[in-house]
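What follows is a structure written as structure tokens; I'll ask about it next.
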Amino acid sequence: MTSKRKVSRGRSSSWREIQQKNRRARTPASRRRAYVILARAGMVAAGLAVGLGGVGYGAYFIWQQSGQVSPFDREQAVTRIVFDSDGVLNGQWFARHSPVPVGTDIFKLDIHAMKREVEALGQVREASVSVELPGTLHVRVREHVPVLRVFVRGEEGERRTLLVARDGSVYEGALYPSETLRRLPGLTGVRLVRDGDGFRPLEGIETVADLIDLARDITPHIAADWRWIDLSRYRNEPAAPGNAIVIHGRHIERTVLHPTHFVLQLERLDGVVRNARERAQTGIAHIDLSYADRAIVRFRNENRPQQHS
Amino acid sequence: MPRNKIIGAVEIGSSKISVLVGEIEGGRELNIIGSAEATSVGVKKGEIVDLSAVSRCTHATLIAAEKKAGVQVDEIFLSASGQHLEGFTNIGTVNVQDADNWVSEHDLRCAGQSARQKALPQGRCYLVHIRGAAYADGREVENPVGMQAAKLELKYWNVHANERRITDMIHIISGYDDGLSVEEIIPASVASGRIAASDEERRAGALVVDIGEGTTDFVLYRKGHIVRTGVIPVGGGHLTNDLSIGLRINFKQAERLKLRDGKAVIERGDKDSHVLLEGDLQIGDRPIPRLAIAKILNARVAEIFSIMKNRLGSAISPQAVPGGVILTGGTSSLPGIDEVGRDVLGVDTRVGTHPAWVTRKDLRDPGYATTLGLLFFGLQGQSLGERERKAEAPRAGLLRRLFK
Amino acid sequence: MAEATRDWQENPLRVKIIGVGGAGGNAVDRLRMSGPGPLELAVVNTDFKTLDASPLTEKVMIGKTVTGGLSTGGEAELGRQAAEADRTELARLVEGVDLVFILAGLGRGTGSGAAPVLAEVAAQAGALVVAFVNLPFSREGQRRMRQAEDALVAMREACACVVSLPNDLIVQQAEGDPTLLEALAIADDWIRRGVQAIHSMILENGLINVDFATLREALQYRGGKAVFGFGEGAGDGFVEAALRDLERCPLLHLPDNRFLRKTDGLILNIRGGPDMPLSDVYRIMDFIGDRFGCKENTVLGATVDGSFQGRVQITVIGTVDVSGARRHPYRVPAAARPRPVTPPLRPEPPPFAPAAVANKQTSAQTDSVEGPSLAQSPHPAPWDTVTATPARRETKPTRGQAEFEFLAGEERGYFEKTEENLYEGQDLDVPTFIRKGIRIAL
């Protein structure tokens, strides 16, 4: 009987002897399922890791905190003030206008109030105040860029020059080189309204600033000629009738532009000026480009207007 | 307590692949928590003809069933069918070792071992060894242990199969998940017999016939033991094919016609009665005489039963199977099929119903007998606790108890 | 055989295909047939509009006085009257034509009414008339069906051969849910094959040609039913494949002739490649002769087609004499008859003379009525390996229904590609009713 058993053992006489591990019969579906199982396991592992990490970090944080000295335990005097600007202002100017006495307890400084205080200075557009322990106070400001000058008379009749920034804010400029100021056209035809120490921001300056930038870009010789910009006919809505920006220059006495489509008008203006120069005509007294497709040009020494189309 | 075991019962049939997922709670209770079924592609007459297509179908069905159950299956119970399954009876005989002839467990094991040991030809492998009656000195006894006898005989019904085909099936499962093991491969007849016949019927002696799509599987019980199993590679698919050839319609039309108007007996009114092929008043629809349908189906069904009768010989008679013939499987829904069975086999024949514990309505279809049977075996196996699986230990320990 | 004296060179055979009615006209329109010799196409209708739309050149309008150039509205009687009224027109249409094919859809007015008249006129004019007719869907209603049946009977009276193609059957050939166009394409293909089989048999220079008189002889029984079937096989064992295909041809399984085992006249056309051995031709002929119980009056045509390498197409048209006008005495079934294993003439060395076929036939059938006279093939036979393959089917079982033998081995349908399912010598995959010889009436 033992020999018989050997015979039967010699071959796979029961199905259980068939190798079960076989990956050849894999199908896409089974593979997908394996991935899903794997991915699920991965997600569980990842979740576990995140959880453990969070707990660990919390413990570490608490431990670290406990080792730190409380900031309110002792005084810390301001030893250094660092002023930083993207414009012309400097530390001296700041020290003059917003004196923070060196030696003040840094923990007693109200940096938010300080920020408001600094921003109230006309030339400053935006400020940030921060404290760096142990004793440094950082003040960073971004300044307005002047586009126009405006002249006002003071209460005592004295003449003051104020500057107008792109956003319309009117301020007293400080530390600008005189060359910069001289290049700025003057602004007329606006009403300045007092607001506390300063004035309310003006409307429409952005448009004028665009015009000036474009003109400096496209027709620098014309832009250089501009002395005054008169906003008395300017309305904030473009479609308003008679809406215009009037520019007074040294050579061209009066240029009237519509406050839209500056590029087009500047190019036409350039054309008219060149044309006039080629014909060796004398200076242009008046150009009105605010009508859709015609330019009204009046030359000096002549009284009749000439129409260019 | 070990965690609840999730077992999957997989039947790769010719018409459909069905998967039931059962949860075995505390080793005693079985909950069916998931089921799925898919039209089978690549299986004909119970045998896999296109492995990759069957793999795809089976995997998709398994995934669907797992999704419904919400858990992954731990073990797989497979059913096997097809012409390649064969069986034979073998009797293991031992001389009782004890000097006073007291029969011990050891004697029983030895007898079982010798009954299961017959060498198979190359390319065949055993699926199951099913213990039958025991004889102590030639007397049939229920349990010989503790009795006094000089000679102990144990009868076994051994089912063996084509190794390649079984390997294919195992590979389908291992291709699904190579960590998943096939726990048992049970002949379809054995599985569905367990469901279709009650304990009393099996004790009395009964023949369970599972007529599926590709095969007809039968199992003969006597005194509660399985004494024969068999596969006839003819099933519902043949009925459809016969209709398709005989009525000159395509296979799909034939299948619909079979399900809708098929019947296995020829009745008087059939001659003049017609049914519409499609019944939807479409162009191309045409009337088909009921007589033609009944004749074709009757011929086939009668043939299935007569082949079975030939195979079983004298084992099938009203005396031998007082429990009668119980039909199950998808094709058993064909009207009149029991009548034909009765005529041909000469034994009371009826269509079986599932035991009351199968409460889900959709699972009460006779087509689920096999998978339900597989789950049932899964449960039985669990209740045995630690399985004796090692090569030395008698493998049939599980089945021995199962088939008692 | 008076016509045999006709000089075909001088006076070639005239073949005309005539579509009658809407369906028939369309069928002719769509009949793109390639073949040698003149092939005239014509269409006959009552409906001016339909006629006008047809691209064919030869159009005959009938029944202007009856329908006023309109359709018959499905009234067969109107169609008949229309055709009767213009008999002379129709006579002119078929004048001097030797072989007339009539294509018509039966069931509606013009097709059902006029086609029989045309057939009659053509037959009177001396033409051999072969008709291919579509039968309406059974869904179309009883009235249509009845009209079609009546027309079919009338056609059979007038024609040498009427092949009926039920639309029900055509639709079933397409898998699933065919569109009307697909169904029409199938019908067209069937008609084309039928027409071409006859046409090429007479006009193509084939291996075995049939002269017109022979054809006429074979189709002499009027009023009979016709069997029409074809099969095609390619690859290894293409002959068997073709025969199996033929056996499965749905047209042979029509309720009328499913179990038809005997025809009175048979036209068999074999179209094969130059590589087909002559023995295969014999095998096909033997098989067909047995299958249709008509060995003595089989007209065999074999055409060599260069494109048919390793492929063969078989077309069978048989007629059954139901009128009993000339019924052959009943014979012992073909299979039971002793048959020479090797026909005496087979070893004859090439070049092969087609007359051998006739001889072979007469030798096998001592009581043959008349051996078909075959036209002399101008070519030496391209197949000269005749002796190499003696008939394989020499071990014929002597079962009564020998014809079933072929069927029984092969009708497996869905289980075609699976292993044989043998049980006690029978293949269980073959339907039981076939193996048991149970007759299924449809």
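Annotations for the structure displayed:
Chains here go by letter, A, B and C, matching the order in which they are written, and residues are numbered from 1 within each.
Basically, a contact is a pair of C-beta atoms (placed from the backbone, for glycine too) under 8 Å apart; a residue touches a chain by one contact, two chains touch by 3 or more.
Since we're looking at a predicted model, the values are computed, not measured.
Least step count on the touch graph, chain A to chain C: 2. Comparing chain C-alpha centroids with the centroid of the full set of protein C-alpha atoms picks out B as the closest.
Note: centroid distance chain A to chain C, computed from Cα atoms, is 93 Å. The centroid of the Cα atoms in chain A and the matching centroid in chain B are 82 Å apart. Separating the CA-averaged centres of chain B and chain C is a span of 51 Å. Multi-chain contact residues, meaning those touching two or more other chains, do not occur anywhere in chain B. With touch defined as above, chain C holds no residue shared between interfaces to two or more other chains.
Considering their complex, residues 51-52, 55-56, 59-60, 63, 66, 72, 113-114, 117-120, 122, 124-127, 161, 163, 166-167, 170-178, 181-182, 185, 395 of chain B touch chain A.
Within the complex, the chain A residues that touch chain B are 1, 4-5, 7-8, 11-18, 20-30, 33-34, 37.
The residues of chain C lying in touch with chain B in their complex are 137-139, 167-169, 171-172, 175-176, 178, 180, 183, 250, 253, 411-415, 417-418, 421, 423, 428-429, 431-434, 436, 438, 440-442.
Residues 44-45, 49, 83, 232-234, 237-238, 240-242, 244-252, 281-289, 291-292, 295-296, 299-300, 302-303, 307 of chain B touch chain C in their complex.
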